[in-house]
């Protein structure tokens, strides 16, 4: 009858069937459609880049776990390293050389997560840490975008030379036009004095179905939004951060566009181009580095959106999502310490209420 | 509940575990054959333990007083069976530590003879103080699990002029259905008990909160409460922990009990349905609380259901009566969300035990705890609006004051956070450890402060005594000097007379 | 362990004993808390340590407005606002700076000469310091800085004991 | 007015005193264990930097430039800064003793803080008007306080993490500082724009 | 780009090596013991040891003026560590750190000599000449001053048993990940 228990098991004795691994798996499932569309759009080099980034990310994690003497296998299977690598791969230029993916993957898991002590304790979003590091150290490779070449169309590189592109870099002969993404295009044009109205005339029009150059994850805004909506339905993420971030980008863009259409891009282009959609649904909503109260998440999202728009409009780098998310990650502890839910029986500042009959 | 209520009035907090109440809830009540030996613990309630008034070997009748209350918050203990007092010794307590506590062992003579009890025809003609005395004498305590002496709450309710009594038929814990059973079978007793309590505290209305996953109970209670307009049956959304008093008060009356105040200070008093029934039997029939309905459930139980058993029966006997499919992997007293794990079966049934669960291997599986991924699920589930992940992180690193800064003392240990945590972190164990550690530190601080005051008082005493001794010595020296001087003066005076003559 | 243990998110509470009354001011001495824990060493709890008991208690007296008839020997709970540090820093530093820069900006906008701006900034700074003095006075009165009276201590209550 | 705002944003965020110019790192690593101590230190440094920059500008403009004593710049600036700190200490003690008891410890820390001298020297190269240099000093010290408070928030959360023993303490602090510096590089190019 | 990284790395290594060797030769024989001792003391600056703060206490320990058992909050564990560090052999039996303890009078052999009464720092022992003495449990701090004063060995230290109300849930084993 009795079962020897050195330490008694505390209540509650039942628990949910949910687990960290299942959460990561469903986020990856929501991300899959957009990624597959990206593979189809950019051909084999994109697939190889994705594979290399993810495998190096998991390699970095396994190495650190082994270093600290912990079992690598169970931790790898909760999928957090895989998800980090995936998010990084999706935000890279599709035909980037392999060592960009490798260095990014290692940087993400080693310096982005494991150095802080593993899952749940990193202060910054590991994927964005790696992307910003790559953007700053290898600006050329990180802004070499490629016009979309559907997988099985004639001009697309086959299986083998796709691999050669990733390993040795795109041969000059290939006519895949290395053109800047819309944001980069707009910025370079503006710096050359052309104002937006003329330069936008010839630029490829950003569409929901993603026909313009950009990183794998950026192009299919519709599929990303669908993935995001699915995650909200499954209650994986709440609507606060995506809504606030997209509003944070759209509102200033709309206002300034109304004021001076020549100098400022309109809200639609801002939302559909660059990493806005990917950032809002998958990157800013990372549990570990975003505030844990709804009001805090609204502030966090609005901050991300606003900073993205500010960096895109005035700062040197064309894409602001990565920097904005990192900056807001650094503010998360302060947001959390000031924005707390109202405790039952206490007022907002935590002082007990006065009993009223 | 219309769609509107469902979206806006539906409370945000809490969890929806699947309640495993059927089929145990539907099985009719069974009577436990009188056990051969019962162990009545002296400390089955909140407050001071009771003091035995019987001697070993003494013959007692069923319902006779075994131990009287001590201090202003306490409750008496009565004999659940007629027989002889075998011993007053130690028995294992229903507590995770496995430590023992004092209990009176009775050997039953199987005659089940009651003491002669004074029946009261019309309790509403009695003076409220009389009802309080009868309830206290009968040893009625909160049977929902809190086991706070009911009479003390009546006095408090009367003093603070509480206007509405809330009868808690929530029973939101999965597996348990003892309140459900008492509402279905003895709805009349519950309503009558509630009206007696209203008379005792001077309340004008009684709100009976019943979760809407117990339709039969709601129907039975509506029939019983039909003739009395002041007793209102109010179904509440089924959601754990709706049965917790602060949440039920907020759902039924919209009032919030302030953090360090008692429910009575906002004009509300909460009593469990079984407590009301016990008040009914105590006042109307004059019979003390010696037996109760207890749910026996869990994967390892062959015929789960509710049993009407005398208090003090061993858990082993209750499980044997219901039959066991396999050796239980874990025994739990109470529900799965807040119940205490029992180390073995030789533990007596106490007043606060609403259920005994025998889990099989599947139900008892404890998944390994992973790292916290800060998903915030626990902050959404917490009915008190706390931040379990922040508190647990600080407790893990040993910063208990930091956790206390997040108002750890407001945590009602309902278990919602640990239930929804995808990393299966034992959050409630962290909080129980921290609360225990903080109160231990506070006790140590109290002791060291007392020691400091005692040490300082002793030193002041020693200084005073030294000063007094010095004064006495000085005074005596002065007297001696004065005496010597006087003697010398006298001698001098005497001598000149000699010379001048 | 500082005598004012943090027990509430916002007010830091501590226990003090009224030592003597001078007109409207009550002099209080914080109770030595935190003692020596489990008294493992044989030297007793340091009561015999530095100087006699009386002198040791002497050095930590602080005045408090005798608001509702305190008697000598009574033990009361005093509190200092936890956010005191930031409030204090704001009044001491931010206020003078704001007035100085405001005055300088105005002068620059109005006259435009460096000398005038410098004079205006200096004037703004001194005005700001006066404002800070008043502000600090108000903060002290409101009890944000110095300890302020919360409630009478229940017998046996010591600092840091919430309503257990 | 527009170039004022741009200059201030440039001073506060783009080339931030701590993250871009790497000045004042000792107080940055030392005082940022709690948010309110960091805020206290930040505000104190803001006050001292602004006051000493005003004085430095005056000294530079009317003394050093007038008599061609440029080489004395560093010595005089240090003198001015030390006296500014002493002046601040006296005013705070005068304003309210309890305030001083709470904030007193930060002031000696500021005299040795290289951000104060750094900003003063930067002012000289800027050749701006009095109000311009004061605003520049105020903006860069605001940037200093902002980064101090942000870093304090990060370190409070880092205290809860199980950092591997190799990185515990200052190493992980420097890693977080470098990641923060990388994030702040997002603002580069704003003042030019 | 490679030259930049390369030169920095080389300079870093060279300087590191230089400093490493210099550290060994230029090591100043300052008294490291004091620093380490200061690290071991609880650092609560409580003054129980009679010195103003742990820095002074560490200095006194290093020079051997202070006994190893000078720090009450540290308890037995600290005393042992300090003894080990200083290589001092000290009889630590007086320091029983088996948790809180209370004095207990064996009433059958107490002759009422009042010697323990006088030594108790908190007046926790009740008794009179020729009367049986006993200990007030709430007042006794377990300091053991009375043990060696008793001529008939009636006094003994008894650990306080964990009661049902004072039992504390153990802290869960934190996740290893």
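Each chain gets a letter, A, B, C, D and E, in the order it is written, and its residues are counted from 1.
By our rule, a residue touches a chain if its C-beta (ideal position, glycine included) is under 8 Å from a C-beta of that chain, and two chains touch if they have at least 3 such contacts.
Quick caveat: nothing in here was measured; it's all calculated off a predicted structure.
K.L.:
Treat each pair of touching chains as one step and give the shortest count from subunit B to subunit E.
P.N.:
So the least number of steps between the two chains is 1.
K.L.:
Which two chains does the highest number of contacting C-beta pairs join?
P.N.:
Counting C-beta pairs in contact per chain pair, the top pair is A-B.
K.L.:
Among all chains, whose Cα centre is located farthest from the one for subunit D?
P.N.:
B
K.L.:
Would you identify the chain whose Cα-based centre sits farthest away from the centre of subunit C?
P.N.:
The chain lying farthest from subunit C is A.
K.L.:
Express in whole angstrom the distance between the two chain centres, defined as the mean CA positions of subunit A and subunit D.
P.N.:
33
K.L.:
Subunit A to subunit B: how many Å between their CA centres?
P.N.:
Using C-alpha averages as centres, the distance is 51 Å.
K.L.:
How many angstrom lie between the CA centroids of subunit A and subunit C, rounded to a whole number?
P.N.:
That pair's centroid distance is 47 Å.
K.L.:
With chain centres defined as C-alpha means, what is the inter-centre distance between subunit D and subunit E in Å?
P.N.:
Inter-chain centre distance comes to 43 Å.
K.L.:
Which subunit C residues touch at least two other chains?
P.N.:
9, 34, 36-39, 44-45, 47 - these are the residues of subunit C that touch more than one other chain.
K.L.:
Using the touch rule from the top of the page, what residues of subunit D touch 2 or more other chains?
P.N.:
160, 162
K.L.:
Subunit A: which residues touch two or more other chains?
P.N.:
8, 10, 118-119, 121, 336, 350
K.L.:
State the interface residues of subunit A toward subunit B in the complex, per the touch definition above.
P.N.:
1-3, 5, 8-16, 18-20, 22-23, 78, 80, 118-121, 287-288, 292-293, 336, 340-346, 350, 352-357
K.L.:
Would you mind writing out the residues of subunit C in touch with subunit D in their complex?
P.N.:
Within the complex, subunit C contacts subunit D at residues 83-86, 88-94, 96-97, 100-101, 104-105, 108, 114, 117-118, 121, 125, 129, 132-133, 136-137, 139-140, 145-146.
K.L.:
Note which residues of subunit D are touching subunit C in the complex, please.
P.N.:
Contact set of subunit D toward subunit C: 36-37, 39-40, 43-44, 46-47, 50-51, 54, 58, 61, 91-92, 94-96, 98-99, 102-103, 129-131, 134-135, 138.
K.L.:
Quick check on the complex: what are the subunit B residues that touch subunit E?
P.N.:
Result: residues 43, 93, 95-97, 99, 101, 368-371, 395-396, 423, 425-426, 429-430, 432-433, 436-437, 440, 443-444, 447-448, 450-451, 454-455, 457-458, 461 of subunit B touch subunit E.
K.L.:
Please give the residue numbers of subunit A that touch subunit D in the complex, ascending.
P.N.:
67-68, 111, 114-118, 121, 123-124, 129, 132-133, 136, 307, 310-311, 314-317, 320, 322-324, 326-327, 329-334, 336-337
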